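Both of the next two complexes hold subunit A, though its partner changes from subunit B to subunit C.
After this line comes the complex of A and B, so read on.
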């Protein structure tokens, strides 16, 4: 059976034009997908049943037992952490937040090690953005800053920017200028009209220089700013100012290099400044397919996009204090539930070590680095393959992922609802 | 059969012609009935003011831009928070509360139905997700068509049937309730950083004017026989001198409907400015009210501004940018492909600012100068003019000249020279307040026939009982009591069930979402229309099959079906 218009649950592009062929409970072919999509749909080696660590070995347990034990671990904890959420659908994320308030837990998503600094910058200065179709139909200048879409978001350029024809650009590749800013010449830089090579850690200064030029202060610019020549800065600024519609996309090159959220703030303020002259937008290249959904769901329930601490009863948010890495590094948590992400692979060593010391339960379809730190793992259906639910694309457009077949795994929602009910039974109201 | 009997209620039910009498109200299975059996649960209202549940016909509470208002404002989230308690979830936020925060606060003020003022069709799923997390109110969504390419092409081709077909397809696809036009044409122009400055400016690339969009959509709306009229946010919002745009717009409106208005002009306060700059801005409420008084085919809501901190958010992207230039605070913008735009900035309305004082006065003047309360509804364009929790204070201001005079002493001293407010003696009575907070909304939205906004047998048992005894208090003098009373019901009853009591929420709640579906002839169904399908294939970034909002997002959807006159 061929299913059309399938939504890809891999990256924040959330491409929804895949054609996937299914035989029984197996995906046999994928059309229109990038290599990442193909791997996600076809290379699907799943854990077959819940497993529990027993001494040095793993033993299989039933779902009932695993759910009961997870609830017991969470109920027993003084400072539980509910982490992850970016690789599952919104309905499961919503149960997660309610579980957090019931337990007085700390709940956090993968933004904490990704675009968390972007969120902090947005909270200081706002976010002039747009949906990706605005860019596709209108943008004559596109800037990729500290991001390499060809590797990380392989279809971003063909669906939304460089190669995507739109209403106002019928031959986008020729009519649209692409500028890539990075510390090294990436694959994406190879196909750009202009590559701006910055010395590592120099983003803030280069953004500040561009802001100064846009404000008419060319005479202040020294001959080189973080390795970029004044001539190139002038040229780039002229391109930015000459655009009819410009779009900046930025990645972890800005959020996770020296300056962090201040870099992003500077980039947003450059965008706001450019809007006094012409139309510009700026957007973070969100990684996980539904990380933006976790920000949205957390926000409408608790008021904050990530790092929400319910320990005081109210929702409390203070990145640097309530962010997972900081809490784990301080050794504060005494239990952790990991859902749909892999902190074992992404967190600093000290945090991973703490996760290994405390009872960590992982809800995830696959064996990953976190499995090696966990005490218990519950495999679930993969959203977008054998489970469905809401996802938010990197630009905030909500799309419902499809269920291609009914398999033998429960969904994240099924498992989390059972844990929630079990916890609620113990805690009651009040 | 769940039965409830409310005894000794001082009932004002304008749609049933009840202007204040002591009555009993019988309820069975969520509906108002003639009488109940002997075993009905009884609530003694003790002569307290009892009204149909409040209806907000224009508020921003759910969806992409509202949530972004929360996302970007941890300072606002901190400014209002409650912990989990009983059946109540955690809440955060002052001007843009979390969904449960909105729902509980509305509920304790006696509001049982709320219309979200602006839903971008492409992002409708988000609005519906938040609707289900707003459990105490039935929800409806105004659907944005102001910059819709297919609509503008139909307008250009002078093809009103095609415009109607676009509306019908879209409302059914996104489970929307009504047509919303926000700065028509302006949001498309903003796609390239431009705006339109009069209703006769041409929208770049599409060759149509705002006036043509408005005219065509009014006719399309009536062809589809939709319950509500076109819901318009006029061009030039917030611009000194804009009252002329507003008057020109109203003058064009034909009278096409027997039972309700033909055009609903929202947040009229923001569109009633004289002068030419911020330095000489003045109130033109008298001109606007005179025009409204002469045209029964229009209805307005106040868009009252109240002093203090709030967050502005609208689909009117260019206006928010202008506001950002003025305030230099943080600014968010979010344009939506082929459809509309939006913007958000936080603001502080100050009594020390002459401009803000003039704005404050204009909203009140519009309510006091519009003769027929059915034509002017109470609103703050929540949270743009103020968060909706300010409604009780607005009611008190409208009911008490003394309160207004006392407030005048606190304003920027020149205010009196720019506004007529302090020459107006009118004090609204309980009946007029009941009209302006529920009955007029039900009539304007066209939802009386599904049992909203009144208490006659068969109606939904949505009821608010306020701790106010109209026979004992003088609102003109005791305005503080009026304010407190409207702030917290003794009982709020939703579909026959007590949902909150003395400010405490007592049930989790389960709301409905009301949407419209107009039946049109098959030859006008756009599902397989080549031009329309091409929009999705070439210009949208979402496939046509992934665009419609699935039924699963409306666990308790109520569809109002209509038959188009085509």
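After this line comes the complex of A and C, so read on.
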């Protein structure tokens, strides 16, 4: 059976034009997807049942036992951490936040290691953003800053920028100007009209210089700023000022290099300054599929987008203090539930070591690096393949994903709801 | 009155304790003082051996002495308005949040957000202070507004972010972006730092060591002498940050 208009469950582009062929409970082919999408649909080696570590080996357990044990571990903890959430649907994320509140836990999503600093900058100075549709139809200048879409978001350029014709740009490849700013010449830089090579850690200074140029202070700019010549800075500033509609996309090169949220803030303030002259927007290249959704869902319920600490019964948020990398590095947490992400692969070593010391439970369809740190793993259906739910695209547009077939796995929602009910019963609210 | 709080051994010593109730005025009023250990509420004597010596008729006469494993205790001295707190070792995050008067002495190191949004009084840290010393809470437009913070050692990144009033004096080095977004008050750095005063709109910062990676958006405005530790020092004067309408002043020691 061929299913059309399938939403890709991998990156923040959430491409919704895939054609997927299914035989029984197996995906056999994918059309329109990039290599990342193909791998996600076809390289699907699932864990067959919940497993528990017993001495040096793994032992299969039933879903009921695994759920019971997870609830007991979380109830026993004084500082439990509920981490992940970006690979699942909003409905499951919502149960997660309610579970966090009930337990007095700390709940955090993968923004903590990606665009958390972007959110912090937005909280300081706002967000002049727009949808990807606006960019596709209007943007005549596009800047990719500290991001390499060809590798990380392979269809971003073909669906929305360089290779995508839009309403006001009928020959996008010729009409759109693309500027890539990075510390190395990436594949995306190879197809850009202008490549700006910055010394590592120099983004803040270059953004500050561009702001000053746009404010008319050209005479103050030294001959080189973080490896970029004054002439190139002037040329780039003129291109930005000459745009009819400009769009800046930025990635982890900006959020995770020295200065972090201050780099993003400077980029937002450059955008604001450009808006005195013409129309400019700025958007983060969100990576992990529904990470934007996890920020939305956390915010609706708790008021904060990530790193929410319910220890005192009310929500408290302070990145650096309540972010999971920081609490794990300090060895604060005494239990952890990982849902739909892989901190074992993404977190610094000290954090992974702490996860291995404490009882860590993982809810995830696949064996991954976190499995090796966990005591218990509960396999679930993959949202967008055999589970349905709502996810947010990187520009904040919610998209409903469908089930391609009904398999034998429960969804994240099913498992989390059972854990929530069990905790509620123990807490006497049952 | 002297209140001595010595930490008791705990089963999970790394779980932070939130203790905003540890301020002189609460001991004067003999309030039922509670603290939090992770998600559990505890009485003061579950966490500390408590000894009280002598009387007091006002909060000014109350001195609290904290000793033991105090490096994980957060929010000590929050909203303090009189009296004195002495910490014999290290102290956890947010020590002296919003304090308006009184004195806090830290013999060891202070964790991040020391004197966050402080309004008045004095904090003296004899060791190092971590990131965001004298800064504000996330998204706040103003950090410390009054009073004095003195750190005899080094300080971390984003020291005095959004500083709006009062004085932050770091005798050693600072990390990245000290005085970022600062809009008033005085920041003094005895040692070296990196990218001081990014996006500052007001206030004065003086760097008596080396300012590395000075931002291109500061305009040289001559030189002046300033005094530091009893010595006259020749300083370059910069105005900025001209990435905005910057009316701040940055002094950097002449080589």
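The rule is simple: the second predicted complex is superposed on the first by the 428 of 430 C-alpha atoms of A that agree within 3 Å, B and C clash if a C-alpha of one lies under 4 Å from a C-alpha of the other, contacts with A are read in each partner's own complex, and residues count from 1 in each chain.
Following the convention adopted for this analysis, a residue touches a chain if its C-beta (ideal position, glycine included) is under 8 Å from a C-beta of that chain, and two chains touch if they have at least 3 such contacts.
Not measured: the values here are computed from a predicted model.
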Contact-wise, after the overlay, does A:222 reach subunit B, subunit C, both or neither (first, second, both, neither)? second
Between subunit B (first) and subunit C (second), which, if any, makes contact with A:90: first, second, both or neither? first
If you stack the two complexes on chain A, which partner ends up touching A:317: first (subunit B), second (subunit C), both, or neither? both
Of subunit B and subunit C, which one touches more of subunit A's residues? B
So, does A:105 touch the first partner subunit B, the second partner subunit C, both, or neither? second
In the overlaid three-chain picture, which partner chain does A:123 touch, first (subunit B) or second (subunit C), both, or neither? both
Name the contact category of A:278: first (subunit B only), second (subunit C only), both, or neither. first
Scan A:138 for contacts with subunit B and subunit C and give back first, second, both or neither. first
Where on subunit A do subunit B and subunit C both make contact? 123-124, 310, 312, 317
If we count contacts the way the header does, which residues on subunit A are in touch with subunit B in the complex? 4-5, 7, 16-17, 90, 94, 98, 101-102, 119, 122-134, 136-138, 159-160, 165-168, 244-245, 272, 275-276, 278-279, 281, 295-296, 299-305, 310, 312-315, 317, 390, 392, 396-400, 429-430
Which subunit B residues qualify as touching subunit A in the complex? 62, 64, 67-68, 70-74, 77, 81-87, 89-93, 97-101, 122-123, 125-126, 129-130, 133, 149, 190-193, 205, 321, 324-325, 330-338, 344-345, 538-543, 545-546, 550
Touch list for subunit A against partner subunit C, complex: 77-80, 103-105, 120, 123-124, 204-205, 207-209, 211-212, 215, 217, 220-222, 225, 258-259, 262, 265-266, 269, 310-312, 317-321, 330-332, 334
Along subunit C, where are the residues that touch subunit A in the complex? 12, 14-16, 18, 36-40, 93, 112-113, 131-132, 137-139, 176-177, 180, 195, 198-199, 213, 215-217, 219, 241-244
